[in-house]
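Order as written gives the chain letters A, B, C, D and E; numbering starts at 1 within each chain.
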Amino acid sequence: MINPAPAAAAPLVALRHVYQTYKKDNHLLRVLQDINLEIHPNEILCLVGESGCGKTTTGKIIAGLLTHTEGEVLFKGRPPASYTGARERADLRRTLQIVHQDPFASLNPAHTIGQILSYPLQRHGMVSGRAALRRRIWELLTLVDLTPPGDVVNKYPHQLSGGQRQRVSIARALTVQPGLIVADEAVSMVDVSIRIGILKMLHRLREELRLAIVFITHDLALAKYFAWEGRIAVMYLGRIVEIGPTPQVIGQPAHPYTRALLAAVPEADPDLTRHKQQIPLRSEDIPALAAIPPGCAFHPRCPFHVPGLCDASLPPLAVPAGFQQQAACLPLHQPEGLRRYGT
Amino acid sequence: MIGFATIATVPGLLIGMVCGLIPLGIALYYRQLRPGLLGWLACAFSGFACGFLGGVPMIVLTTAVVISYAYVNKQDPFTSRAALAEVNFEETRLELLLRLLAGLGNSVRAGLVALLRNKAGFIGFLGVLFFFLMSVFGPLLIPYDGRPHPDRRLPESRTLFQAPSAQFPLGLDWQGRDILSHVVHGGQGLILTAGLAGVLTTIIAVVLGALAALLGGVVDQVFSAFSNFILTIPQFPLLLVLASVLTFESNVALALLFALLSWPTLMRAVRAQVLSLRERDYVEAAIALDLGLWHITLREVLPNMISYIVVNMIFSIRVAMYSIVGLVFLGMVPLREPDWGVMIFVGRQQGALSNSISVWMVLAPVLAIALFQLSLVMFTRSLEEVFNPRLRSGL
Amino acid sequence: MTTFTFILIRQMPGNPFSIKVEQLMREQNLTVEEATNRAGALFDFDPNRPLLEQYTEYMGKLLRGDLGKSIISSEPVMNMLLRFLPWTLFSVGLGLLISFGLGILIGMLMAYWRGSLFDNVMTAFASVMYGIPDYVIALLLIIVAGVQLRILPFAQMLGGSTPGIEPGFRLDYILDLLFHAFLPVFTYVITSLGGWMLTMKSSTMSTLGEDYITVARARGLSQRRLLTAYIGRNAMLPLVTRLAISVGFIVGGAVIIETLYQYPGLGRNLATAILVRDYTVMQGIFLVIAISVVFSNILADLLFGLLDPRVRLGKEDAS
Amino acid sequence: QEAPAGVFLGTWPYVLKPDHNLNSFSPNGPTANLGVVYWQLVEMPAAFYKWAADEYVGLLAESWGFVDGGYELTLKEATWSDGSPVTADDVVATYGIGRILGWSQFNTVASVEKVADRTVRFVWSGEPSLLAERLILKENIRPAATYGALAEEALALAADGKTRDDQEWKDLNAKINDFRPDALLASGPYTYTLDDVGDSYMSLFWQPNSLYSGTVNFGEIRLWAGETEVTTPLVLNGDIAWSTNVYPPATQQAFQDAGIRLLIQPRGYGPSLLFNHDVAPWNIKEVRQVAALVIDRSENAFLTNGFGATGTQYMAGILDAQVPNMLTQDVIDQLNPYTFNPEAAADIMTQLGYTRNDAGKWVDAEGNTIKSEYKFPGDFADFSAAAQNATDQLNEFGFDITPRAVPWQQARDDIFAGNFELSVWSWGAGSPFAFSHLRNPVIRFNYAGLGEGQPGMNFPMEFEWRGEQINLTDLINNVNVGLDVAAQQERAGKIALILNDLMPFIPLNIILSTEPWNEAELAGAPADDDPILQNPSSDSFVILYLLEGQIAPAGG
Amino acid sequence: MTVTPAAPEVVLSVRNLCISYLTRRGRLRAVNKVSFDLHAGETLALIGESGCGKSTINLGLIRLLPPTGTIDSGEIVYRRRDGQTVDVRGLTTGQLRQFLWRECSMVFQGALNSLNPVIKISSMIYDTAAAHGMDKKEARDRALDLFQKVRLDPRRVFNAYPHELSGGMRQRTLLATALLLRPQVVLMDEPTTAVDILTQRSIIDVLKRLREELNFSVIFISHDLAVAAEIADTVATMYAGEIIEMGPVAEVFYRPRHAYTLGLLEAAPRLSVGREELHSIPGSPPDLVEPPPGCRFHLRCRFATDECRTTPPPLTTAPEDERHTVACYHTATILKTRQEELARD
């Protein structure tokens, strides 16, 4: 539906053929392989996938917190090395912010909320004068719906609930007026009843502050809800296997993996969920990163796999006929692809 | 010099009493008589104990506490529930000062409460306090008995040792001197040196450990190799050699020597701790916010290690005390009396342990050391609470 | 390390020659001349030889595994080490094992019954014991238990074994060894017990909070099995590393105690060697100390791997 | 012949196996491991010296005496433990090896010759002296059966005119040291094998072939290993019946409380305060005299070793007990006794230009106190007690002195190197000759008796005294030369007066040997006033009384 | 549709259970007057936000509360297969040990932490068997069989250390172990939280199948409504230590009568509907040391009236289904709101 790419403007962040490899006990861990992504201002991109598939790694590379091993990452169209001078680098640094998953670990227990917010404000001269500083803190806390701010500003993180803490994390990221926020499972540890509130607030912030948000989650229902106006990228073992506008990916999934995921999600509706059709996988277990299967990494589990095809060559990420999203599945790209599945 | 020299003297008391007028005055201004009086007493007391060194910092602390009582009623814009437009964020310098002092005062109070909350910790605190008071004020009550007293020899006795009696509750030592007075006077030096050694060990360990962890690479390897090297040095001959080359005249030199020999274990622990803290999400957030290495080290990492560091510092103090006594025991330090270590050394040499009339010369300092260490151990439990904001403010 | 100790040792005040002179004068009441002459004839050691020369010679031999001969008795140092080391290993090792065993047992119970009278008493006991130097304990033990109360036949207990007893794998010999080892072992146990107890207590406390303990309870396991296989074993893990590391300090820690109890171990030998400045012997013993420290660190890693499957398999995975 | 039943319970800090060996010429042989007393019960010397009576009692020797140009010694008809006779060959062999080892007998002896089967003659090289006689009579005689081969090599070398600088000589010296006999042949009634050396005690066992085998009352002599601290509980417990260790007063008290008798004998030394004469103001004679005046020596003695020490009376550089023998009454009367007198001392200080400051310390014109460091061997209980008390007393008077304990090895080396300000070491000697007393410490701890670059106390030995040019080194070295006792007394007297006046060191006190003697186990100790108790502990009565059978198991 | 047992025999009956913890700040009433019946073969889902006392009930039922927690009052009656009833609170330690696992076993939250890292799965099985007098061979056979049933490679898992298994495998291992002694009741504390979607799916499927085969009752704790919707027969919503609504799953999901249940439902995103409007519940859970007066939920409730603020609402039964109980004054309004929403979808 909405593929917000005003071709003229350079993307905020662009990943081109990015690889990330770790060496661990003589093994090569191929955590990310050939990742291509563009994030434009004010866009929502959602990364979903199972645990360990490289979502956080991608997020950190996007946020500029991690250097990749191969490929190219461009910030506003330029490689990071071209940002010379302290001022420029600082500006770039501040453009990209991250909100962590664990609200217990992401706030320093030794400081009050007021302190946590005032450090970046002071350091980057975002405000001048004490009164302005305090006014700004007040504003930020109001912005993230922590009202009245006086109730939280002098408290320590442990005195707040998980949801409140997550809001503080967001407020902290906002202190430096970023252009992009990577929200890494930002609500998976807060309670169901408050999640929606935080997501709504993020939506509002995106609109008010023209933020781009990279939303990382393994909860497809949540992804669907949050990224309805953006795109979803499904990752499997370090690769993006499907990417496209959310309604398409959710409503008409292309890749077998995405389909399996969607089918596996229980629904908060007894009738619906008990009659949902399952896609039985051939194997329960996800292969180790150190031993990624050749060809399509999903083929050992894929119920639709074509022997001799899927295990032989890497499927390209392309738009299959009849779909609006890109998917990396060889059978799909073949003429009879659609038929085989009986969509 | 004014400072420690004024310990437990009338000038010290005067200094303290004068210092105490400040919190008292402020308290009167705010009509908070009780904290004011307590503040005055605290100032007088610590001035008495440590002269300027105790009195002046105490002014700040007690004043802060006084203000923290008074400030409750002040309107901090942040505590108001008014809308943004109605809130006035301007404040004068005085208001800022008051606000900061009140914050400090609140922390002090919370710290005190945390200190008192843990039963074992509180007993430990009392123990440490007892030894402190004994070392500082004990000398006022019990004069130092430094001269031999051949005249105190009991008829028929071959020695001047005497078993405890009503007149000499801990008996007499080999020179016929009052053991009690030596116990009272003999702690200062040892406690001070051990304390200094512990502090220095901790400083070296923390600095090197933090550097190794934060800088990594070659620095890390060099420091780690160096610490391994120190660990394998046989300390006994090293001390022998050093003792023949250096005179451990000052407590500082002795403490430094200990610090130089004992930092490696703590350094490794600190390194591991910093490495793990560095991985914390909030550190990553600070990097993303571009807060700078100094900020990250001092504001993000360090405060979370304080409790760990302090507990380890106390541990180092205990180890240092044990080792200093050992060094004295080997006779490698100038035997400056009065000193618990020297008592054990000379007592052993004079065969004090062979005889029930003389055994107190060794037992008394040994018990003093053991009890002091016990107090320290128990005290650390309270300290953990004091330094942990989670425990501290969960009132 | 070796270089460092070599230099260190030669810097120690006094040299074997002049010390012998002093000893002869003091013990045999010889005059200076007599003593000097006699001592002079006794040594083929030349204190004035350049240090560098001595050093190169020593290192050359060391590389061939030759530790040299004792300056005093011309006995090969290696022989002496082999002769004395087993005693120290036996007594300190036994002490360490017993104190470790008792320590983890009591520590575990302390944690299990935390807050009880037992816990409080034991905590105080442990902390106090931790603060008393071991030699004081040793002296008190002799004087109080041996002399004043006469509950220990301590004179018979001195030394490593009863003179004249035939070594061999026989019950009476082993009992004799244990009898003689009692004093040092008891002292080691008493002095190091407190540390183990306290560490084990805190380790157990954290283990008790683990979910798998609750689950094991829920499975209806017997108290004993729970305490041993679930609580004890897991809480012990971090202590094992420390145990291995203390093995490294076995030799160094025994000097005063072995001297007081006349136990024929390396520590007592070290004390004598230091007293008479027998450089080569000291050098040999320090080498043993350094090696054992290094060795015990390796041992710690190995042990940990053995006891904790997570580490063990982590290694195998890698290969 | 049956071994007697008794067990003598003694102690000596012997060396453990495998360091222990049976070569009595080697540093870890019986010489060191048995100590003088017990060694004499194994390899007996020619004679035993009774100090009070100034007479020798023959042990192996039947007769002895100065002969023209030499000294002759005839042995009794004795046998070694293997049954072979003790002969002149044994003496020749002993001295043959002794020459290689550089024994001091050879300062005066040129050669040792066998005169008859049991008679040897010592030929003088220098002037004969009583000192040389004593060395000969006290030397333990070793069996030629064991050392004969080595002795022959030794004699051959000497005959070839080789000296100690020759390589052969050095090689033989090393060979002697490395020699390890399997058995210890004894002329005395006891011997032992290496199997008898245990970790906690070793045993000497009775053997039937000695002259004294029939008179001794003990079948075993058990020696517990260990120093003072180790033996204390053993003595208290009755496991050691007689000990020669130095026990601090508290321990002596404990012994007494346990009903153990304390035998007092001279020990032959005492602590003295050594000045570094390079350090002001100790280079001023009067200041040293002041120091001598303000230390109450009996207090110092009591703190040094309780009743086991006496304050020095004569201040002559000769142990008090020997002063009447070695000096004339005339000289004794001239000696300044330095009776404790702070007032007089204060006067001297004032004359020297010092004043007392508010703290009661003496200060010079610039207001500096007399600051010094008093270095002492912390591991010697007696010396350190003496030093600490001396420091206390000096400070009481108004000096400003810090005591500093160091290991004794270091204290000694530091004294040699002149690296001290005040220190403590022994004075006096366990010898009946003035020379041994007087050289200690003025020669021993002074440049005069030390090697190059070792100033020691750096007390000038050549100076003008009472208008006379004195070379103190020569005076002391020659004091006992010759056989003329009166001349020796005169020379000694002069030195004594010099030392008494210049006070190059302060003889603080004299330590006595306070030896626990458990009468519940041992009978036969002399009464407290028995003159044999004037023998210093190195010539202990125990040697003689044991051999003669006067000491016996109590109640047995 | 909802499976209702023909002859609902009660295996576990809980009445007025109150559990509290001793904290620094005072008594924390974590479970307050909770009552419910668990029928044979029934799956009861306890849902509610974090800290509402779900795990505490669970631990209370088998008396494994931490030392600071105590059961203040209430009744826990268990009915054995032979018809005998057992008062769980009255069991001695020895009896309790026999009771646990044989009659009532459990699967905990966080699979990794529930397994002792240093012993093998096999010794864990043997330990359990030994504690209940089952012989080794039988235990092994049964374990292998169960592993098979939960779709694990039996032999590999049996001889493995916990860390060698992936998260999903561990969770299934725990499930199998829980069934080792054929208990009547299995307590499951968030067994699917913090696992991947596909793993969660396999656990759900396995659980469903086993339940059919072995016919045990389950108390299933979750804060995920979707999972509860899929496997529960009966759903109980908890808030601040109290069960505020309980009823058959369809009743609670389609005809909720409590504002809090409604709030939870409104906050649950669903995949199969397109763009949807969700709402969160404002505010945060109440302090259990000093709970608010009246209805504990009133501070966050959009329907709250004065009545709610003062008097706790009594437990009432829904007119349509007597198994559906609820403690709310505004049942009708809430039911209507929900129905309107459902109609809108």
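The rule is short, and it goes like this: contacts are C-beta pairs under 8 Å (C-beta built on N, C-alpha and C of every residue); 3 or more make two chains touch, one makes a residue touch a chain.
Everything numeric in this text was worked out from a predicted model, so none of it was measured.
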{"item": "Minimal step count in the chain contact network, subunit B to subunit C", "value": "1"}
{"item": "Of all other chains, the one whose Cα centre sits farthest from subunit E", "value": "D"}
{"item": "Pair exhibiting more inter-chain C-beta contacts, A-B or C-D", "value": "C-D"}
{"item": "Separation of subunit C from subunit D, taking each centre as the mean of its C-alpha atoms, in whole Å", "value": "38"}
{"item": "Interchain centroid distance [CA atoms averaged], subunit B/subunit D, Å", "value": "51"}
{"item": "Averaged-CA centre spacing for the pair subunit E and subunit D, given as whole angstrom", "value": "91"}
{"item": "Intercentroid distance (Cα basis), subunit E paired with subunit C, Å", "value": "56"}
{"item": "Junction residues of subunit A, two or more chains touched", "value": "none"}
{"item": "Shared interface positions of subunit D, touching two or more other chains", "value": "229, 233, 236, 406-407, 410, 414"}
{"item": "Touching two or more other chains - residues of subunit B", "value": "240, 244, 348, 354, 394"}
{"item": "For the subunit D and subunit C complex, residues of the former touching the latter", "value": "15-16, 18-19, 21, 25-28, 31-32, 35-36, 100-104, 107, 135, 170, 173-174, 176-178, 195-203, 224-226, 229-230, 233-234, 236-237, 239, 268, 406-410, 412-414, 416, 429-431, 436, 439-440, 444, 449, 536-538"}
{"item": "Subunit C - residues contacting subunit B, complex", "value": "1, 4-5, 8-9, 11-13, 123-124, 127-133, 135-136, 139-140, 143, 147-148, 198, 252, 255, 274, 282, 286, 289-290, 293-294"}
{"item": "Subunit B - residues contacting subunit A, complex", "value": "76-81, 84, 87, 89-91, 96, 280-282, 284-292, 295, 299-300, 303-304, 306, 389-390, 393-394"}
{"item": "Residues of subunit E touching subunit A in the complex", "value": "1-2, 49-50, 151, 166-169, 196-202, 204-205, 223-227, 229-230, 249-250, 253-254, 263-265, 267-272, 274-276, 278-282, 284-285"}
{"item": "Partner subunit E, residues of subunit A touching it in the complex", "value": "50-51, 161-164, 191-198, 200, 218-222, 224-225, 228, 247, 250-251, 260-262, 264-274, 276, 278, 281, 284-286"}
